[in-house]
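Here the chain labels run A, B, C and D in written order, and each chain numbers its own residues starting at 1.
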């Protein structure tokens, strides 16, 4: 049988992988208290989406998905950049990046 | 009258002026520097002119079956058509007169609000603008706008110049009535949108009336919408059990507020029931007739009984208004020409009488420092003229023949009796008649305890003085009118002559 | 006669003038009031003269009823204002205006000491009289009702005249106020009945004009049930106004007002209005014998009860008050009996004796009761007390008063050839009549007749008991400081009236016999004319055996009173066991009627009111406040969910997403609703 | 061909023609690049004036484009039509107001250049969303707006509250972004393209496979964060309270409108496309429920708030709930009503925030109790605030009433499916009067501790005046603005 078929990994695999990544990220956001870690978890979730895009792009033979991914990566980078800056700011103010300590604003 | 006919009235756009003048008055009163006398005179001037204009209007349209209307283009988009349609017929004419008159009386009467008098009178004029609008509007959008506009200044009057519990009372008044009017708004939406039938939403009364005549409203639709609208109006009237905002609002409101509230504002509800519910939703009215009658009787008796139990004179008067507005609804509920005619008559009568009563309460509260009946007593000795006015007002309110109240109540009861004979059930009239006894009971009892008997020692009567000139003028004029219309009721009946025919064309 | 409407207008005008500028005029407006009533009296004379003599309407027995003025027209109902003059009207006009004239004159002297409040007094009595005259002249029931109610208010005002700053102190003023309230409310109860009657009649006839209602043709084509209902309800009004059983109890309390007011109420105006209404409504009432029976029975019971209450009362004025109630009972009873006869022997009936008797007695009663009250007034004026136990021996000090009062007493007791004698015996006979002519309810009337006889006895007794206690015996403390006879303005009217009290009975034989009659001829009603001849009536009374029975009873009553209270041969204490006897206390407590009224008003009025108030405060208002509290409470709890911890927010987002999935799944599963 | 100094000018002409659809954005972009440069010069004040000029010109241009009903598209990623124009107008107006009140915001003296350029960038993002025809444009636009607003919220560096707000905003925003991106990826997988039209068709088909459901919900959840739908609202109050007030104004008045555009462009279009087969009832019901929950929760929580900014935050959650009705009913008329309500909301909510900002600038606290007796101290400001409050509560004859009137009336359809929703909305808006009236009462009725006058900076006065006038005018004479809204709605429906 031709190798092409052999190397063909079924798309479900990718979807499961991305779903798993997404959930990991999600759980991370919920359980972690350190702001930095939470940011990283969010990155995980974004990348899960990216994997989807790439996979679909590949299987649909369509470039748009990859373009989208590039955009997404750029956006993610910017988001992290801002995020780190904000967290630094917080650290200056409160000497901690633990989000559980940030409860001045409530009710 | 010659000079009147000589100056060509149609050239004078009276209808819009009736709306504009109060607004201008409010602005001027507000802008004037905070001087009690000037603001008061300004208010008197404006309301006086308004009254004069409305009388002029009355005279002008008397030849044309008391109907007049004007329309100015306002909003016409692809979806909406709302124009400044204003007009009067017999009923609204009377209400307009009543409004103009009572505002003038109030302006003459009130002098006690020393601080921020400019905003006080401005608010009164603003209320007048709202009320005028409600009674003149011929377009649902306009109608609802004024319906709400009348609310806000009253809220400020109560909250700003009211008694000790004014915060609670004003909030309750505002929210309660606002909720009601929003419910009513749904009804209006349904009316207009069903009438538009997929086309442009035309909010004018005519359009909806035409649709109703064309039979676009199915019976079930009518029943539902009637319910929605009726609730909104019932809270305003107010009917038991939707009345609890009223006693609080009245007890806390300044005298002027109470007079306008009870004298004209309550009428908005009954006016709207006739103007909208009956004219547009005849089948709904028929379906709800029994409910209305029951509610009316409950209101009449409940109000009367509640009066007996009250200790605060003003609260008693407030409940008496509930009872008397019950008579209005009773007249309406008969869905007969006579009933409606005299319901309107009763609205007018109650407007005059209750104003006297609230002014009297105001004087008591102001001169003796309390309105608590058990604390009062033997006032007639110190303030005979006041006692005279109080007695006159109470007798008028309990339907003494020769005064306006009697004619109205007699007519309403006659209409009710007529209706009952029609359905061969006679006993309900007993409740209505019983209320006459109760009314006489609580009024005479209140008089016995407050102005008769031995002079009270519970409060310091040393520097209590009698009615002063302002108050005397206002009260005197009102009492004179009460007697006049009681002796010559046809003056009002002529204005109303066309009304029921108009309505019965639909009902 | 077209100026007849001026008769009520004159006093009403006086009311306005006096009411506003009284203090600036002589006697606080007294002069004006007096003038107005004088005008009214003169006009009444002229009108009556015109009606009886020149117009010729009387001979044809028809009423003068010019086209009325349309007052209020609605639907297919028309309410009018107009005047209606027939012989009954004239009689009423004459005696009420005349007696009012006397009373006003008397007031000038009586109210001297009142100062500034005189204005109010004169204005109110003028209004009172105006209302009465208007009522008499009314051409329809609504007009009548309006004046009727006006009188109610006037009585309220006048009874409560001393409701503040009472000469006898605060307690008295409290009493006055409550008496006024009682009078107003009790009569109001009757008035409400009457109002209902108006509705019924208006619905049935589409009009309330007498010309319409008394037209046999109209009556024929109206459902008789409506008429019965209507007339019963009207009679309810009478019960209230004329203080009939069971609403009789306000009248004695009404004594709280000035004595002149009592005189006015009892003799000239208010209570007579009820009797007048019955007489006026004869054409309607006689449509049903049962109605008339009710009327008669109520009258008889009232007459008896009131008389018993008067037996042991110690207040000068109250005794008179009870006597009034009792006499009114007699009149009503007579009217009822007469009407019953007509109703039974339907169709053609020659002049109703009962009617004549009733109206005639009303007239005579007006004279002697006015006289009695004014005498009582002058006594009270002199001794400043009403308590019989504090008087005595006054006849030496006040000759005129005692003499005139004696005449009045004789007259009311029915002493031969005094006015009371004639009318009372006519009443008795008319009550006997149905039994004599063997009508169905004859036995009832026999019983009523018995009651009447006893009443006659009691009347004679208590009147003279009163007279003796006041004027004979040794003077008690109040009588000590009595300063002689009252001024001329007071005594002159007494003398004039006493003449009438003696002579007015004979009027029956000089024309009145033909004036105060009601007859049905060929289905047509006829007021006045066609009466029995004078000598027939004269001998009829004298030959009737019952006359002598009642006479004997009256005389024995007088004699008993003489023995008990003048000679002191029989000690009254033997009857009342020093006030311990049950009957005695029962009578002093007025059959516990006041308590009954109070209980009813307390339970039906105040009790329910308390309940309503409770419901209002807790149930209805409670609901409103409850809702608002619930909302703000939930708001409080919900804002606490905003913990401020970002991880919770994230959790909320995730959970929310899950929930959304579930919701959408449900929606999809159950077909988008 | 015209020719100057041997230089072919038509090229410029072509470029302009090419860029015409996004010309306003271009202006802002240029401004965003230039302004910070001046931020380091001596006279920092100039940045403010520069940016004001830029905004004004952009605004003017937008209005001009709307006026001659221009329409065109840019590389089939962005399309300008009446709808886009209307939304851009809204955003420009917000930006204008915010820049205006930032003129004298003392705290922005340092780095004021960055501040303004961040504002511009955020606005650019929103405007791109307004015209997006492709998921990519949509995504990029959203992220532009979000990321720069994170920075804006955190702008008050030495204020812990600001920082905390920023963190919350950032984390929730990030999560939402991820969720929505994942949803988009699924959509892409299903449709094989990123054009909104295709997406709409896919959604309109409404075959509820698991992927479909998950994708839809993820989109709703992800974008719901933007307009603070319950249950994705939790961040809003904290952020509004913590952020510098002008920024809060920007967010409240501007950025949640962007959320609506997204929903319109993805879902409403789909519903409209499916109109012939009676829409997508399941999704519409879902939105109806969301609307009901959102407005109710928002109003109820707002009732007991003590801080005005939080109260306003909750109130804008409630307002979002009202506008969400549009998605449930999905008719042209109600869309017009919804747009109208967004427009009025800009002025009344923006105005309210501006008043708060102005008073903050003069050291008045942010709590309702601090506003006691304000009518004495600053009558005109108090009057304006009263107007905004009553307008938000929907009291005639103010703008808020007019827009609500049309919005709600649109939901009363002949078949009356959504009557219950209208009833709920109506009751809600009646209840909302309670907490608005509390503020009014505090200002006008209650006695304040002091009565010394407050002088509000002129720029604020100007902004407040604009809002007040607009609030009254749009209520009394809603004809013209309503016509624009109807045109926009028509254009939107034409996109299908």
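The rule is short, and it goes like this: a residue touches a chain if its C-beta (ideal position, glycine included) is under 8 Å from a C-beta of that chain, and two chains touch if they have at least 3 such contacts.
Treat the numbers as computed from the prediction; the structure is a model and nothing was measured.
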| item | value |
| --- | --- |
| Separation of subunit C from subunit B in steps, with touching chains one step apart | 1 |
| Comparison of B-D and A-C (more C-beta pairs in contact) | B-D |
| Chain whose averaged C-alpha position falls nearest the assembly-wide average | B |
| Subunit A-subunit C separation of Cα centroids, rounded to whole Å | 100 |
| Inter-centroid spacing, subunit D versus subunit B (mean Cα positions, whole Å) | 44 |
| Centroid spacing, where centroids are CA-atom means, of subunit A and subunit D in whole angstrom | 28 |
| Subunit C-subunit D separation of Cα centroids, rounded to whole Å | 80 |
| For subunit B, residues contacting two or more additional chains | 175 |
| Where subunit C touches two or more other chains at once, by residue number | 639, 642, 644, 646, 650 |
| Overlap residues in subunit A, where contacts from two or more other chains coincide | 26, 29, 99, 102, 104-106 |
| All pairs of touching chains, each written as two labels joined by a dash | A-C, A-D, B-C, B-D, C-D |
| Subunit D residues touching subunit B - in the complex, by the definition given at the top | 333, 336, 390, 395-397, 401, 405-406, 408-409, 412-414, 416, 419, 422-423, 426-427, 429-431, 433-434, 437, 441, 444-445, 477-479, 482-483, 486 |
| Residue ranges of subunit C touching subunit A (in the complex, touch as defined) | 639-640, 642-647, 650-651, 654 |
| Parts of subunit A lying in touch with subunit C, wherever the complex brings them together | 26, 29-30, 33, 99-100, 102-107 |
| Subunit B residues touching subunit C - in the complex, by the definition given at the top | 172, 175-176, 240-241, 243-245, 302, 305-310, 336-338, 341-342, 378, 380-381, 395, 400-402, 406-407, 410-411, 413-415, 417-418, 421, 429, 433, 436-438, 440-441, 444-445, 447-448, 451-455, 489-490, 493 |
| Residue ranges of subunit C touching subunit D (in the complex, touch as defined) | 631-632, 634-636, 638-639, 642, 644, 646, 648-650, 652-653, 655-657, 659-661, 663-665, 667-668, 672-673 |
